[in-house]
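Next, two complexes with subunit A in common: one pairs it with subunit B, the other with subunit C.
Right after this comes the complex of A and B.
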């Protein structure tokens, strides 16, 4: 049995499946997770005292959610599980953890980062108003708290989550005012060859849309957002957009859930000095990995949406495969048959990912058209005008320089919600390719820490 | 102010009493502080930059939009904190109220 110290960051689908592989080989990995419970975002577990069943919470994914949670429950005694713990830095074969205001180091021989993703956002005038949430937020409110984000909700953006969350809201009894998708009808049709890699998922997606249609929800494809209307005190009062024919429409609502598919959480990979590559399909910089999930730095492995953007099923497969890679590299016998099977699964997931990226494209051209007064940075209220000014007047044509000059990306979210759109604005203002703008460098701490954070006297048990 | 969030289920949980800017409020056990507040009111703070009211954004501890305060000056991230009996929350830094 190996005594290697293996740390897994994140207890979502990738992290739990990775832990399962390592435990089966006799290791006792440390599983560090920021959440209060396991499951990550997509299979987030409701708090104690809630009674809804798996079918109500996870719909068509109920069995996968149950299987993942049961796996975690079975493993828990054989894991060093650290919930509500943030990995705030990573350097020199040591992770820096913080829990309850106490920080301490966690040395490792191998680390598997399963940091997941957030919603990818494109600013729209008024998105700072109370009542505008990310799509993920709308889903968390429902799944983990049995709440709708408003009385009357508009779903805006693109991606599979747009239809999934809208359907979940409708089924749970919330009022869905409209689903407004920026993807055009033809995008989905052209992506069918790739989407065909997973016909079962494609069928489920089409069933969600059919359900929304039967429920009488107004749905628009090829839309262009104009503004989230409302007032500073009362918040959101409606969504203004142009439909595919160019006609302007206003849908009254008190909440907007918006998102444009996913953005990988890559800060830890960056702090671990992993190489990145530009992924043209998603127009994002992703850490470079080999087919097994090995990063460019020895001892660092990456799995799930934080590296691959393949969704929950891909995360389970890539988590398990990264676990097998760790075992192989440690000289522990690993199941070659399982690895071969996972590699085949992931090839299919990758084809499907490309299909999703094409069916629901990131509407990057919107960035150039945003009115100057639009807030790009919600944290500090910085406008598109200011970001464009530092490009044209101060020559800040690179992401980090534009951040330093404008502060877009320097607020409390550290660029999570403005970074990708900000880069598109810089590219448009400097008339350069998005690759030339580069990516925001990660900074420790990866999330704000209270000034009262102290070094722990000894490692907590 | 009217509540922003609407409860759709799970309303049989025990009640929890807390306060927002000194006003008595009621929530349910297992509510995050953000949900507890937004089932009573429409926002949790004001932006320091534009002055508009804010009510959180990501609900997963990533955007830091839902920071509130205790009378002792401690900052709480409302979406990742559970509400508790007797908790006093402030929608602005104590010195500013």
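Right after this comes the complex of A and C.
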């Protein structure tokens, strides 16, 4: 039995399946997770005392959610599980964890980062108003707390989550004022060959849309957002957009849930000094990995949406495969048949990933067209005008330079929400390719670290 | 004239190089500045941003005073204020012995024109009521302050360009030599630049150039340990620094107008000049939190949102190198500012321009000459 110390970051589908593989080989991995319970974002488990059933919480994914939770519950005693623990930094083969105000180091021989994804956001005039949420946040409110973000909600953006969360809201009894998708009808049709890699998922997606239609929800494709209307004190009052025919429309609402598919959470991979490459399909910089999930740094493995946006099923497969890669690299016998099967699954997931990226493209040209007065960086309150000014007047043509001069990406979110749109604005203002603009370098802490944090005297057990 | 020829060639586009380019243009010299990356990216752009004179090595004060005058000429001088604020600077200490040292320093600094006010007991608490109970004394420099290092060198560079300087970024000098009375700098892409005068302002990499002229110097590199909090309403006016013999207690912080508190100190981190990267040790912010709470307990409620570092060159005697070469005519140096160069920057640029233009300096620079290592 190997005594190697393997750390897994994140107890979502990738992290739990990775842990399963390692435990089966006789290891006792450390599973660190920020959440109160396992399941990650997609299979988030409700807090104690909430009694909704799997069907109500996870819909068509109830069985997968149940299977993952049961796997975790079965593994629990054979894991060094650290919930409510943030990996705030990483350096020199050591993770730095904080829990209950105490920080301590966790040295590892191998680390599997399953950090997941967050919503990719595109600024729109008024998106700083109260009542404007990301799709993910809107879904968490529902899943974890059985709350809706408003009484009458507009869903804006693009991607599978747009329809999923809108349908979940409709099912839960919230009023869905409209689903406003920036992807055009033709985008989805052209992506059918890739989307056909997973006909079951495609069918589920179409069923969601049919459900929304039956529920009488107004749905728009090929939309161009104009503004989230409202007042500073009262918050959101409506969404103004142009429909595919160019006609301007105003939909009244008291909340907007927005998101443009997802962006990989890559800060830890960056702090671990992994190499990145530009993924043209998603227009994002992603850590470089081999088919097994090995990063460019020895001992570092990446799985799930934090490495490739392949969704929950892809996360389960890539997590398990990364676990097998860890075993191989440690010299522990691993199941080659299982690896071959997972590699085939992931090839299919990858084809589907490309299909999703094409069916719901990031509307990057909108960034160039944003009015000057639009806030790009909500944390620091920086407008598109100021960001463009540092490009044109001060020569900041690279993402980190533009950040240094304008403060876009310098605030509490550290560019996790404004960075991708900010880069598009810099590219447009400097008339250069998005690759030339580069990506914001991540710095610790991964999330804000309270100044009350102290070095722990001993490692907690 | 070949466009790659100039009167003065400057290698290194930090604060020293860009300010020198600006002031040399003001004196009418044709200037080309070569920068390997982007101007102000290394120590000049990543330091704490202290415009602090108190606490400096006394013979450095005339230069620091000259620099302070230039800081006071912003934004008019270069068309940008680089967020310079003459907010005052306080040095605090935890022991009577240290307080006595501050008192001695205040007395010794007075002949140099630096007026410091010592405050203890009730007077200190009345003036700075937010200080923690462990603080025994304050040395207050009302005219010191702070500025934004991310903006300073780029702003001087743009002003220098407006004055007619040529600044070439993304250009790495691999070899420098003097042949037939002219300096020749050969870049990584094979391009050459020539000038009668060469000024090396290459910071932590200065030694790589000085040794090509037979003047190696004992230098080490370190990364400052910086962190910044989320913004809170602006209320902390002076820059605060703790004076101590223990590096863990040497901690400093300031609040910027938009509310974030920038902090640094308690340790020095590793720096990798070849990779051009330096890191914050994970333990550093944790050490800083302890000191922050000792100095202003109320600030413990904040969170930091980012840390960063940069590459600073330190001389073995903790004194920078500035002045003419001891061996080669027409060769000048200004590098190795040992983590305290930001405040000096504009004064160094102005003084080097004066030295190159007239052969003399109106502030003494004898303690900084490279010949001390010969």
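The rule is simple: the second predicted complex is superposed on the first by the 461 of 461 C-alpha atoms of A that agree within 3 Å, B and C clash if a C-alpha of one lies under 4 Å from a C-alpha of the other, contacts with A are read in each partner's own complex, and residues count from 1 in each chain.
What we mean here is this: a contact is a pair of C-beta atoms (placed from the backbone, for glycine too) under 8 Å apart; a residue touches a chain by one contact, two chains touch by 3 or more.
Given the structure is predicted, the values throughout are model-derived calculations rather than measurements.
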- Based on the superposition on subunit A, does the combination of subunit B and subunit C result in a clash or a fit? fit
- Task: Please indicate which partner A:49 is in contact with in the superposed arrangement: first for subunit B, second for subunit C, both, or neither.
- Result: first
- Query: Which partner does A:404 contact after superposing on A: first (subunit B), second (subunit C), both, neither?
  - Reply: second
- Based on the superposed arrangement, let me know which partner A:79 touches: subunit B (first), subunit C (second), both, or neither? neither
- Message: Which chain, subunit B or subunit C, ends up touching more residues of subunit A in the combined arrangement?
- Response: B
- Message: Quick check on the superposed pair: does A:105 touch subunit B, subunit C, both, or neither? Answer first, second, both or neither.
- Response: second
- Message: Taking the superposition on A as described, I'd like to know which of subunit B and subunit C A:448 touches: first, second, both or neither.
- Response: both
- Query: Roughly how many degrees, to the nearest 10, is the angle at subunit A when you join its Cα centre to the Cα centres of subunit B and subunit C?
  - Reply: 80
- Touching A:91 in the superposition: subunit B (first), subunit C (second), both, neither? second
- Query: Which of the two partners, first being subunit B and second being subunit C, lies in contact with A:394: first, second, both, or neither?
  - Reply: second
- Message: By the touch definition at the top of the document, which applies to A:412: first (subunit B), second (subunit C), both, or neither?
- Response: both
- Minimum Cα separation, subunit B versus subunit C, post-superposition (Å)? 5
- Note on the structure: Footprint intersection on subunit A (subunit B / subunit C) at 380, 411-412, 448, 450
- Task: Flag every residue of subunit B that touches subunit A in the complex, lowest number first.
- Result: 4-14, 29-32, 35, 38-39, 42-43, 47, 49-65, 67, 74-75, 80, 82
- Task: Enumerate the contact residues on subunit C facing subunit A in the complex.
- Result: 38, 45, 150-151, 154, 158, 229-231, 258, 279-283, 285-286, 289-290, 292-293, 299-308
- Using the touch rule from the top, collect the residues of subunit A that touch subunit B in their complex. 34, 36, 41, 46-52, 56, 118-119, 128-134, 136-137, 140-142, 144-151, 172-174, 232-235, 254-255, 375, 378-382, 411-413, 416-417, 447-448, 450
- Message: Please output the residues of subunit A touching subunit C within their complex, sorted ascending.
- Response: 89, 91, 94, 96, 103, 105, 380, 394-395, 398, 401, 404-405, 410-412, 414, 443-445, 448-455
